[in-house]
Every structure is written in C-alpha cells, then in structure tokens.
Amino acid sequence: MVSPIYIVAAALGVGFAIGVLGKLGKNFSGILTLLTLGFMTYVSSEWLYAFYFGDQVSTYVFTAGYKPPISINLLMGPQEAFMSTLINVIGLLGGIYLFFNFGRKGRNAFVVYLVFIMSLNVVIMTRDLFNLFVFLEISSIATAGLILIEKGNRAVGAGFKYIIATSIISSILLIGTIFAYFYTGSLNIDDLVKSDLTTTTGGLIAVFLILIAAILEMKPFPANGWGLDVYEGSHQGFSAVVSAATATASYFMLYKLLDIAGNSWDHYIAVIGAVTFIGANLLGVKQKFARRLLAYSSIGQLGLLMLILGLRTYLGDNLNYVVFGILLTNLLAKTGFFWLVGIVKAKTLKEWAIIRRKPFFLFLMGTFVFALIGFPPFPSFFAKWTFVMDLAANGGFVWIAVILTGSFLEAIYYFRWFGYAVKADDNYNFSFNVRWHKITPIILLTALLYIIGYLTAQHTELGRMINFIPLFFVLILFALDFLPVFIKNTIAIIGMGIYFYFIYPSLSDLKLLFEVIFMIGGILTLIAGYAYKGKRSGFYPVAILMYAGLTGLIEANTTLQFFFGWELMTAGSYFLIIRGKRSMPHALSYMLFSVAGAYAILAGISIANIGQLTTSLSIFNNIQYFPQWAYGLLLFGFLTKTASVGIHIWLPGAHGEAESDVSPMVSAILLKAGVYGVILALIGMSKSQYDLSSLTYILGWVGALTVLFGNISAVFQEDAKRLLAYSSIGQLGYIVFAFAIMTQLGWLTGFTYVINHFMYKAVLFLTIGAVVLRVGTHNMYEMGGLIKRMPLAFVAVLIGITSLSGVPPLSGFTGKWLFYNAVIEKGWYFQGVIVFLSGGVAFLYLFRLIQTIFLGQLKDNHRNVKEISIWFLIPIYTLLAGLMVFSARPQWVLQPLGDMIANYMPQNSIRWDGAYAYTAIGHWTGSGVMMTIGSVFLIVFLILKLSTRKAHKIKQFDIVYSGERPDRPDTTHVAYNMYAGFYKAVWPLTVPLAERFWNWMTELVHEAAGFTRRIYSGNGQAYMLHIVLYIIVLFFITIGSSI
Amino acid sequence: MNIYVKLAYTLLGFFLVLNWGLLMSATLRKIVARVAGRHGIPFYQPWIDLLKNIGVRTTLSHGFMFYLGPVFRFTGAVGMFLFMPALFGSDMWSNFSFEGDIVLILYFQLFGMLGMAIGAGEGGHPHSAIGIARGLAQHAAIEIPMTLGIISLAIQYHTLSFTDIVAAQQGGIANWTIFTNPIAGVTLLLAALGAMGHSPFNLVKAPNEIPIGPPTEYHGTYLGVLMSSGVVLHVMEAALFMNLLFGGATNWVEFIIKTFLINFYSVFVGVVFPRFKIEQSVVWFFKVPMALGILAILIYSF
Amino acid sequence: MKEILDRITPKYDLQDVSIKDDLQAYVVVEKKLAIDMVTYMRDYEGFSHFVLMSCVDWIEDNKLQLLYLLNNPEKKCVIGIKVFIDRENPSMQSAHHLWKQIWTYQRELREAFGIDFPGSPRIEENFVLEGWTDKPHMLRDFDTNKYAEETYFPRTGRSTNDPATYMRQKLYPNQPVTAKKNKDDE
Amino acid sequence: MEYLNLGKISLLIGFILIIIGFWGILSQKNIIKIIVSFTILDTGINILIVSLGYIKGRTAPIIDASVPQLADHNVLNSIVDPVPQALVLTAIVIGFGVTALLLAYAMKLFKAKRTLEINQFNDLKW
Amino acid sequence: MSELDINDKVKEMLEKSAENAGSKNSEKTFVHPEDEEREVIAPDGSIIKVNPIYDYFSGKKPTEEKPSNGVVEKFLNWARSESIWVLGFGTGCGSIEIPPLMTPRFDAFRFGIQMRPTPRQSNAFIISGYLSVKTLKRVIRSYEQMPSPKYVLALGSCTINGGMYYDSYSTINRLDKYLPVDVYIAGCMPRPEALLAGFMKLKELIKEGKGEKANEYARNFDEYKANQKKIIKDWNMPDYNW
C-alpha cells in the first residue's frame, strides 16, 4: 500500500524536477506529468480498491513526526479514496486532453497543472484547517494560472474575477480558522468537531466564517458570477477539470467542515443548495451560448450536491450512494460535455447543428445529456431514485418538489440544446476537427458512464433485478449501425421475435395483452421499415430502445424496474420522434411533458413507497399514506403519456411530424404504455382501502373532455397526420374515461378500445404515412382522388375509419355498445353524453380523412403515383385481418378479458351466451350482426352490379357542373377548411386554451430567467459585492438571531 | 322459429315497409301540394319514378366506390329494418332485433350515411362533399339531444332493448313514454326533426343551392336504389321514435298510422319553417334540445 | 362648372366645349392629353367618381370617339371628356391605373370596337362573347344580318311583317292602308 | 487604559484594515487600487492572526537571548502562542503569491484593453 | 451592374414583350390558360405532362343504346312518359314560363312532371327561348350529360327560326341543327298551357316509342358536332361530355 503522502510528494517532486530539468523539452515534461498523474491515480485507486474489496480501514497519515494539533495530518478513508481517485482520473484524462495546449504554453504549465491536481488531493485528504486554506489558495492560484491557457480577453477577465473572489473567500476562511483556533487551540478538524464550537458566540462566528467560505466555494446562487465566468471563459478542457475536480474537492471540503457545526447547519445548506439548484437551472433556460449554459448547469449540480448534503439526515446510510451517483454522473458527463464543447467549436446552441456531421459525436452528446438529466442506465438515475425514495420515506415532500422542479428546468435547456444538435438547420460554414488525444478521454468517460451505470445498478438489490438484456441488444444495434437498413431491420425483428418467444410463457392476463400489443405491434410496424432505403442511421437502436423500455414496463415486478422501463421508453420514443423533418419543437415538448410526467410518477411511487415492506409493484395496491396524492401523481404522470386534455399539446406535433412508420409506433403502441400505467394505478385504487372515488370521478371528466377536445380539434386539421394525432388524443380519452368508470363493463370497454385503437390507429397511421411517402405532402388539400392510384390503401383506410367511427358491424361498435352499457350502469350520464357527442364529431374528421385524400379530384402531380409500398401493406393487412376477426368474433377476446377483469372488478355485469352478449340493460351479438349485414350487403351489391354491368367508365372531370366544366382539380376538390360552417358553430370549443396556458408558462419562466440573470452584469466588482452581501444576509439568517 | 320462416317473414316485412314508404312519401308530397293549393302528384308516382329510373339506359361509373355508395345506403336501410322489431309482441315480425339493441340502431344509421358519403365522394363532385360535410356536422349536433333522450329513457326503463322499452309502454296511451317522460320525449322529437332531414334541416341536399348534394352524380338504377332506401329509412326512423315514444305498434295498421303521423309531424314543421344554415342548425341543437335533454336526465338521476 | 372649364380650357387646349347646363359639360380633348386630363380632373378638380366609358363609331369621319364620363360627387357635376381616335387599328392609352373598373370597360371596348389599350390588365380576355373571331361586332360596318345568315343556318321560308301594319290589316281590314303613317316608319 | 493593551489595539487595527480592504475592493474602479485594497485586507488579516496569538508580556516565539532560559521556567510560558506566528508566515507567503498573480493579471488586462477600469471587463455576462 | 448593362437589359425586355405582344395579336387562339398542356412535377421529381382536355375527360363518342324488346320497352316507355323529370336550366327568356307550370294553376306535378337540379337525374330538357352561342355551349354539355333516353322540348319561335333575334350575331336560328328536338312549342312566348300541351305531345311520342332522339343524336353525332363546332369557336371541352 503506497502511502497517500506520496501523491503530494510525487507531484511536488516532479514539479520541481521539471523546473530543474527544464532543458529536456516540453514533451518530456508533459509525459513526465502524465506519468506522475498516472502514479497519483494508481495510489488513490489502490486505496479505493483496498477499501471496497479488502478490509482496509481508514488511515491517518501524520507529517513531521508529530501528532495533531502540532502537525498536519491527512486522512485516507473510503470517501477520500473515492474522491481523490475521481480527481486524479479526471486530472489524468484532462492532462491528456490538454497535452498540446499546455505544451504551447511551455513546460511550466505542466507544473502548474500538476500542482493544481495535487492541491485538490490535499484539500480532500487534509484534516487540518489551515492546511486546507493553504491548499485551497494553491489550487486557486493554480486555477487562475491555468485559465490563461485560453487565448483572448475573456479568459483574462474571468481569471481576474476568479482570483480576486477566491482570495476573498480564502481570507474569510482564514479569519474563521484563526477564530476557531483562538477558541479551541487546535486546527485539526477532528478536534474542532469534538470541541463543540457552537456553544459560544465566538465559536458560532468562527463556524459561520468557515462554513460560509466553504459554501461560497460551492458557488451558491446568486453569489457565483465569478464561478460562471471561469467555466465559460477558460479553456473548455480546463473548465471541465474545474467543473469536475474542483467541484468534487469543494463538495468534500464542505462535507468535512460541516461536521464542525454538527447538524445545525444542515437546514441552511439544504436551502442554499435548493436555491442554487433551481436558480442556476432557471437561468440556464434563457441561455443561448453553449459554454455558459454548461456553466449554469455545473453550478446547478453543485447546488444539488449541497442539497443532498443538507438533507443527509433524511438519507442516512444512503447518503454516500446518492452522492456518488450524482457526483459520478455529473463528473463524467459534465467533463465529457465540456470537452465536447472544446472540440465542437460552436458558440450558440443553434450552431450545434454542426455536430451531426459526425454522428458519433451526437451519440456522445446524447449520452451526456441523458446522463445529466438522470435517465437510466446512468448512475444518476439510481441515485435520484434512492434520494427521492428516502426523502419521501422521511416526509421530505417539499424537497422532492424542489429537486424535481430543478431537474425539470435542467431538462428544458438540455433537451432544447440536444434538439438543436439533432435537428436545427445546419448551414454554417465552419467545421470542427477531431484529434485523438482530445477524443480518447471523452470516449473513456462515456464508456465509464455506461459501465458505472451498470455497476451502480448491480450495487443495490433492486437494481440487480433489472433486466439489462434488451439494453445490450440496443448497444449491439448501435454498433451495427453501419449496416444497410434491410439487415438491421431483419435483426431487429428477429431479436424482438425471439425475445417475445422467450418471454411469452412467463406472462399472463394484463401483462400478456400489453406485451402482445407492444411486441407484435412493434414487429409489424418494423416490417414497414423495409420500405426505406439506405442506412437509416440511428433508427434501429432507438426504436429497440423504446421497445426495450416497453417490455421493461411489462416485465417489471418492482417499482424501480417499472420506472426504469418507463424512462427507457421515454428516451427511445424521444429519439424516434425527433427524427421527423420538422419535429424539433414537438420532440422538445414531448420530452418535457414526459420528464414532468416521469417526475410525477417518481414522486407518486415515492409516496406509495412510504411504510412499505416490499418494493414490488404491488405497493400500488396498498398505498398507506396520502393515497390521494400518490394516486393523483401517478395518474398525472401516466396521463402525460396518454396526452389527456391540458397536457396533450405535445402529441399532435410529435405524432404528426414523425416519420411514416414511426407515427404508428408512437401512436398505436407507445400511448398504450400510459394506459398500462393508468390501469396499474386504477387496479391499485380498486384494491385500496380508502375511498378514492373522487379521483376516478375527476379522471372520468378528464377523459370525457379529452375525447371532446381531441375530436373537435381533429375536425379542423389540414394535415392528415395531425388529424390522426388529434384523433389519438380523443381515442385515448375514451380509454381513460372507460377505465375511470371502474366497473367490469367500463374496464371491458377500456380494453376493447385499447385493442381497437392499437389496430385501427396503426392501420391508419401506417397507411397515411405510406401515402405521405408517396405523395410527398401531409396536407390533405394537396391530395385527392388517390383511390384510383392506390385502391389497397383506400380499402385499408376505409376499414380503419369505419372501425374507428363505431359503425356496426366492425369492431368499433363493440366499444360503443359496451360504452353505453357501462355509462348507464355507472350513472355517469353527462360525461357519457359528451363522449357520445364526440363520437358524432369523430365522423367529421374521419370522413374528411378519406374524402380529401382518396376521393374527390386526383391532383395533377399525383397522376402517376404508385400504390403504397408492399412493406407497408403487409403489416396493414395483417392488422386489418386482426380487426376483422375481432369484429366478427368479439367474444373470443372479450370473454377471457371479462374473466380477467373479474379479478379486479368483481361485479359480473356481462353475460355471454355463445356469440350473444347480455348486460343488465342491453344485448348484442357481434358475429350475428356481421353476418346479417354482410349478406345483405353482398346481395344488394350483386344486384346493383348486375344491373349496371354496362356502365361507362368516366373520368374525373366528367361531372355535372351546372353546365360548366371544372377548371382544375385543385379548385374542384373540396378539402381546405372543409368544415367552415361547423367551425362557425363550435369555434368556442376549439380555442387552444392549453396551448395558451403553456405558452404563457413558458413566457413566464423565460421572463423570470431573463430578469434574474441580469444580476450577472459581468462586472467583477459587482460579484465581490454579491459575495459580501451574501455573507451578510446569510449571517442574519443563520446566526444573527442567536448572537 | 325456423330461421327460413323467419327470413321469409322478414323479407315480406321489408317488402311491406318499402311499399308503405313509397306510398307514404307520395301521400306526404300530396299533402304538401294540397297545402300549397295544388292537386299534387298521383299516389302511384313514386313507383313510376322508381320504374323509370330503373329503365334509364345510360349508366355511368366513377369507380368502384361509386357502386358501393348506394349499396351501403340500401344495406343501411335494410339493417335499420332488420334490427328493429317491426311489430311488438309478434315473433314473426320481430325481425333480427335479437341481434342488438338501441345502440346498434343508433350507430347503424351511420352505416348508410358513411357509405353514401364515400360513394358520392368518389364521384368527385364538389357539391357531394359540401353536402356531406354539412350532413355530418348536423348529425354530430343531433347526437346531443338524441343521446340525452335515449339515456334518459334507458334510465327510466333500465334497458336499452327495443322490445323491453315497447313492452313497458303497453296498456294504454297513458303509458307511452311521451306521457310518462315528456321532457325526454320532446327532446327526442326535436332530435327527430333533424334526423328526418326535412326543412329546416334539409341543408344536406339543399335543392337550389348545391343541386341536391351527395346524390348529384347518381342516376338511373343507382338513384332507384337510393330512393328506395330513402323511403325505407324514413319509415324506419319514424318507427324508431314510435318504438321509443309512442308505444310501438302491435299490428301493421298501427305501425302505418304511427309512422305516418311521425313523418307528417316532421313534414309539417318543414312546410312551416325555412331552411337553416349549417351553423344555425348546429347551434339550434345546442340550445333548447340540449337544455331539455339535460333536464330529462337530471330528473331521472336524482 | 364654368369656373372649372375656365381653368382647364387653356390648360388642355380644349377644342370643343359644350356646356349642357350648370352641372353637365362635354369637352373634346386631344388624344395625347386625354388621360392626363382625366387624371387631373380626378386629382385636382374632385371628379373622383368614374361613371362610365364608352365609344361611338363615327364611321363617316373615319373616327372612333371615346367618352370618359366623370362625376364630381361634391359639386354634383358631370364632365364628359371626348377623345377622337383613328378608326384603323384603333388604340388608346390605357387608364386602368386610375380606377380599377376601367379594366372591365377597356376589355369591353376592345371586344366590341377592337380598340387596343396596351398595358391594361386582362385585356386579352373575353368580355361577353366567347371566342369571337370576326370583325368587332359594334362597329357600324359589321353586318350582323349577313353574319347571322352565313353562320346560323337560317330557316328558309321565313317572312317578316311590320307588326303595326300587320295588326292593322288584321284588326281593321276595311280601313285603307295608307290612312296614317306610324311615326316609326318615317 | 487597562483595556487597550497592545493585543486589543492590534486586533482593532486588524479589523479596521480588513474593513478598509473590503471597502477598497468594493468601491475602487481601478484594478491596481483594488489589488492594493486586497493587500490591505491581507495585511489586516495577518495582523489579526498575530494579535489573536498575542499574550501580554510575552515575547516572540524565538528562543534566543531575549527569552529567559531558567531551569524551573517553561520556555513556553514566556513566549506568545507560536502557532499563529507560524500561520501568519505562511499566510504572508500565500498573500504574496496571490498579489503577484493579481498584478500579473492586471498587466494582462491592461494589455488587453489598454485600461485598468474594472467596468470595462464585462465581456462575460448573463 | 453598370448603367449600360441596365439599359441593355431593359431593351432586351422591351423587345421580348414586343415580340410576345406581336405573336398574340397575329394569331388569336382560344385555348384557355387552364386548358393548355402543362407540366407538373410529381412527388418523385419526374415531370408529368397534363393535357386537360384529354386527361380529365373520358371523351368517348356516344353509342346508340337500343331499346329493349317488346312489352318491357312499352312498359318502360309508359313509366318514362308518366315521369318526366325536367332539367332545371332556363336557357332564355322562356324560362319565366316554367315556374307557373308548377304553381297551383297549372300544376304540372299531376302529370308526373317535376324539375330536377342535375342533368344526371333528368330526362327532359326545355330549351326555353332564344339561345345564344354562349348558352348553347352549356346546353350541349348539359344535354350530353343527361342519361338516355332523353327528350328535348324547344320552346318559342327563337328555337325554330331565330324568332325576333333571327339577325343577331350571337343567337342561333335553328336548334335542330345542334340538338335533336322532340317537340317544338311555337309562340313568343308560348303560354304555360302551350307548354303543357307540348308535354302531352311528348308523352304521346314516348308512349309510341318515338322518343329515341338521343339515339339519333348518337347516330348523327359527327354532323351535329360539326355544326356545333362551327359556331362555338373556343371549344374547350371534349367532343362528348359524359
């Protein structure tokens, strides 16, 4: 075991040696530095290894042969080992990254860098207050020196602000130190902890001064302008190290020093952390420049760390797990991000579009973004999970709200940035070059992120239960991304098929139903992918990622697994959605609503978790505390995915602009995930001992209004895919409403709609998508008369809309019939009427869909279009076959479903007699109606066909036109603003209140951010003033009253 | 009962209804003529028109769906007949009503409408699309009083089955729904005005404005089929309200009288009031009929 | 009215000024000054209402006479501005920029008299007739009877009576035919 | 004058210097003046440290002739607390380093914009 | 751009416009802009040539549609005669005489006569009075769109020999040169009674099986068409409007 003192010794020694041996050249110095850093890393990681895998105990290292307080001592414990390993690793990688930048400045830069890393190590390890001050100053000086490796005025200004600010902070620490010494006679932290300083006034002030210095080092909002400038102004390679290593050291310093004050400061630290976390992320929202954005984000993460530290009493033993998770993710991802910023020389966020010229970089960026927001499988996901669970278990609901709000704000700007990177117009004439020494550290970091994420999961019992196989499949697909689409598609389909085959036996009932929808639906929609040519870069991994999430939801036995699957699914679907041509803003709003929903779910789960002995999903069935809140939050979270009214605004754009085969995936399949969640919550509510009928009542109204709103909005769309998207909103409203009824009939209706919507919406979206691919426009008024060119597509749409509209004998009617019975049985008449009225409204948009696209006048430029691709027709007609079977023999599905629902809803209100269904108030037979209507239809058709067998085939303009003739198809086709009259009657219902509300909210957030950030005037002196004022204000808040 | 016998009776019943429908339309037109002081058409005119249409030699086709339009429409009309019991208490004339209840009828009305809409759409004539767009909008509005009324009835009788609802109204005029549940009855009658499609709610075909809307391109045999389904639909719409509100019918004479009167009622209103514009028509249903419907439910839900 | 005429007569060198009454006057102006004058009347004299524009065929003088009739809504007076143009290849400066309705008048004049108004929008389009290829039909030397006979398959055996004479004969066969001449017959 | 012993006076001076330093940093626009203010602040802290370790009647913690080296007398009792003295030495060194760096920065800043007004260096903001 | 260049450009443009104007004046064509052959770009980038007259209209020549045999045809003819659906298209001044026909005083409904708004559902066409060339075009179109068997009633002297408009440059003289006429109703204007008498005559003709003028039209199609095209100079429709 190498003594940690050698870390210091080696660094100092080599530093001096380089000074002495300067003649040997810059490269030599550099390599020597890297070797030293490697040695330091080795030492600290050896300790780390010993702590975790051996039974090493914490060791004090004494210097100068005396014991404290006479001499300085260092402590090497597991935490110190961890932190210093982190710092050294980052130091080493940073050294590699900055190798040539240092080289250009001469060998002394290496020395400074070495001293910088060394000083941070000492800050971690030292137990002596004065020593802490000294090395803090050393690190500040070194930082200020290293800032100058970036050329230009900005770095100089930033460096000056930095050095003067840190000097003031250090001075305060020094004053505090000397006071502490004055009152205790010792500089040793351990002694200070023991001596109970806070009992005397002077001691209080000493502690205040020490802690305020430590807090200021953490760059608390708003006294952190200097910190921002350093992140932004200095070389990004170095900013990364500051953001990661210095932050780690600062955090640990605060952690160490906090013990001096006992627990009395926890609360303040938490509040400061919360303010910083939310404040920094809020200001980030308004930010347009990449570097400064990262600076805000870094500070936000520091705030989060402070928050965690302040809430350590809530966390207990899990503190380190949470901190390590957050810290590690932040460290790895943020460092990587800074370095990426250093490589991609784009200033504004919009300019980041250039990054997709090198797709691998986009992958890296995506990894970092998702890691920072806390998506699985990255460590922060698990850390956040544990954090929130522990907070809830101890009643820290406000803190949960704070954390989730801050994280949400963070998500806003990160995803906007990422959206720009993926989709913004790339018309910039500058490019970026990649050099191996710069990219290698980033790749290493990324790999570490994934590995550590996996390990973090394995670290806990719950995490070990997560099934990572689908994720590995996703990674394999990433690796195979260079293959042509045909091969990848086959691999994906086979993979999903095999997975389904193996998982099939283990599922039953509800899970089986949804798994069939997810997997079979997935395979069918993937078949449509054969229609695409080329590589379709990046499509398959993300599609499979979504399906991995979906199947994860189904397989989940524990809440963590469930949430894991949920987040994976969200991530995958986000990537799928953003692939659309104009879908950048829609993907952003989708992601934001998803993130908000996910946080609501997280909060809901955390409340559900209180007082539970088990972590399995069955806790939903037995929520003990605040059940209204828990279920309410869960339902809200799930409803964001089902796009209920008010939180639906992401859906039309997201689905409407997505690619042709993605729309069915995200509409017919993905939305069902939300439904699955709603069902889980409702099952829980049905079993709950509390009376939750008010919640279901609200849910029922939400569902009903969603139906009305979705359908009426769909009527006035000009864009075919948006029309279908609004229709999806309406259909999901039906489903939510049906499940909210909470009777057997209601649920049967719900399941019927789930199955139906899956089939017909997949058919419609696939068909319309394929048509769009052929005709090259979404606008219905630009199409028309396509029945002549694509009869098969027409038949598919015809059956699809007939089914959707609920006209007998197709399966849509099954749902309507059940609906009537369920509504009347339940007594929800007015909601029911709204729903049925909306059913009538649905006709309008359905007719519009088929009339304006397939009927009417064929447009000139579509005279030669071909039938839609065979690869679309295969899944479409497979689904149609399913639809017809379900229509003709509904009892085959509904009977077992009814039996299944009886497990949850004991009333047995539907009786089957062969193909005949009876409820208390009505009766109906699917097959009988089908047969009757079918035979009548056939007979009439034959008769008419016979009598008109000599009919002349005429062309599109051979119509009576009041003695005139049509001029052009475009002017003869009734399509644009087709329901103008209806609009005059119902326009009050189409006012986009939700959009206005959310726009207003967005404005509000932006205005708040824009207003607040003006405190960062850029004037160094103002920043000093902030610090001083901050100290004064904090003084009065914390100890002012007790003196 | 043997299914073939049943089939035979059903066919016979349909034949009866078809002829009654033709006669009824002639009679109603004659009544309108007399109101205007004219002599009016001969009572057999519809049959002749039908014959003439079948005898038209030139047949044109805009495409496959153009055929299917009338087929859908006719099937819709036949279905309306099949799924509703023609006469109460008669096993022979109950048709196929065992296959479904009111909900089936409510949605089956749309079958013909949708098919017709699509068939007419393939004709490519702008007036078809305009007419259908109006029709659908109006239908969506009619849905409000219709659903409210029917739900009110369903609450009242605890059933959605025609047979049961009619059974509950037997035993004298005082037992008819229109008297036992007058508010729902009025609501449904107002909805009936829209459903029958006479003036003021006849803007779907709107003669003189968009020639005759959806069937603009239909001629000859197609038109014959459409005409026959039209008259059957008129009878069966009336029969629907007869069953719901006026105690159904136990014999054909009663059936004929009641359906005639219900049709007469809507024609009567039509003669008096001029045509609505589409937004007026939609808004009209949002006002009084909706308020009455809500009242009808409120009465029964407490 | 008179004041206005006094003002514009020297300005536009008006050749033939005829004042019908206080509120109505007709002037003849040179072709090259005509549109200028119309513009002037509109912008400075308050004749903001364009009443009509028409044409008279002076076949004897081998001239076409264009008339721009303007109205001053404030003074309630009307001025007619006459312009004589050549009958062969008639052409006139377009005034479409002054009032939009002049587009239509000029289309009509082009179709009926064959007057060209270069630059006038949609001047090529049909006005009333569709696909007229013959001589402009409002010119006096266009023989409509001959045209109809050549074109429209006149039914043979057609005889025409003067209605007045015919009816008189029919109703009062005893009276002499030359009793009283109708004014129209002169 | 019992209260105003040397220790207290120097303590007061230290505080006054610290406050002057802060005032200077916050009010002076010229970077050089700010740096000077910082050194004043630094000096104040140093005085503070030393004064806190001062014990009346004792001498500096350097064991030389001025300290009575008696057998029964613990040397430590006749000198002031040596730790602050040691600290202040380090602090001075650190302060020196920081000041040097600050001046170097001041030079760079001047080169960059030919001015020493701190208001002029707000390229990074918001 | 220098001044010289601008001058050159302007000159060029002027020349071009002069050329265009010249060509337009020299040969006047009657192809409407919407009937000109045009090129459109298909979604896949290929170019499609569209010739409106040929691509949008079927344009097939009509064929004779033989009546069925014997009793069936007689029966159908009876039905036709009792159900005369008139196209609601008033072509001239005589159309003012049609509305009274539907009023209580004359009440044509009792003879099975009614107006239909679309040619597809009509079998009788009343040419009510003078017929200008412009209207003739619409009349031909509507007539051809009516399904056979169809009948034409020519109302007023104008349809017989031009009536008082015999010398007009824009109205036709003899309708039977352009469309086959079943019944002429003379007068200027004929009163509704005359019109009713015409209908009665038409009924007789139909019952006798003489209402086959639609087939005559098909038989002599070329001749009729030549006459029509002679006067309709901007023929912007197919030869036969289905």
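Read from first to last, the chains carry the letters A, B, C, D and E; within each, the first residue is number 1.
Here is the rule we use: contacts are C-beta pairs under 8 Å (C-beta built on N, C-alpha and C of every residue); 3 or more make two chains touch, one makes a residue touch a chain.
The model shown is predicted, which means the values in this text are computed figures rather than measured ones.
Connectivity without chain C: the remaining chains stay one piece (groups of touching chains, all others kept in their positions).
When the partners of chain C are compared with those of chain D, no chain appears in both lists.
Compare each chain's C-alpha centroid with the centroid of every protein C-alpha atom shown, and the nearest one belongs to A.
Distance between chain centres (mean CA atoms), chain B to chain D: 101 Å. For the pair chain C and chain E, the distance between C-alpha centroids works out to 33 Å. With each centre defined as the average position of its C-alpha atoms, the distance from chain B to chain E rounds to 38 Å.
Centroids built from CA atoms put chain E at 110 Å from chain D. For chain A, residues touching at least two other chains, in rising order: 952-954, 956-958, 960. Residues of chain D in contact with two or more other chains: none. Under the contact rule defined at the top, the touching pairs of chains are A-B, A-D, A-E, B-E, C-E.
Per the touch definition, chain B reaches chain A in the complex via residues 54, 58-65, 67-68, 70-72, 74-75, 78-79, 82-83, 96, 98-104, 107-108, 110-111, 114, 117-118, 121-126, 129-130, 132-134, 136-137, 139-144, 147-148, 151, 154-155, 158-161, 211, 216-217, 220-222, 225, 277-279, 282-283, 286, 293-294, 297, 301.
Of all residues in chain B, those touching chain E in their complex are 33, 36-42, 45, 48-49, 51-52, 55-60, 207-208, 211-212, 215-220, 223. Interface residues of chain A, counted against chain D in their complex, comprise 130, 133-134, 137-138, 140-141, 144-145, 148, 153-154, 156-161, 163-164, 167-168, 170-171, 174-175, 177-179, 181-182, 187, 228-229, 232-233, 292, 1013-1014, 1016-1021, 1024-1025, 1028. Per the touch definition, chain E reaches chain B in the complex via residues 65, 67, 75-76, 79-80, 82-83, 85, 103-104, 107, 109-110, 112, 114, 116-118, 120-121, 123, 147-149, 242. Contact residues of chain D toward chain A in the complex are 18, 22, 25-26, 29, 31, 34, 38, 41-42, 45, 48-49, 52, 83-84, 87, 90-91, 94, 97-98, 101-102, 105-106, 108-109, 112-113, 118-119, 121-126.
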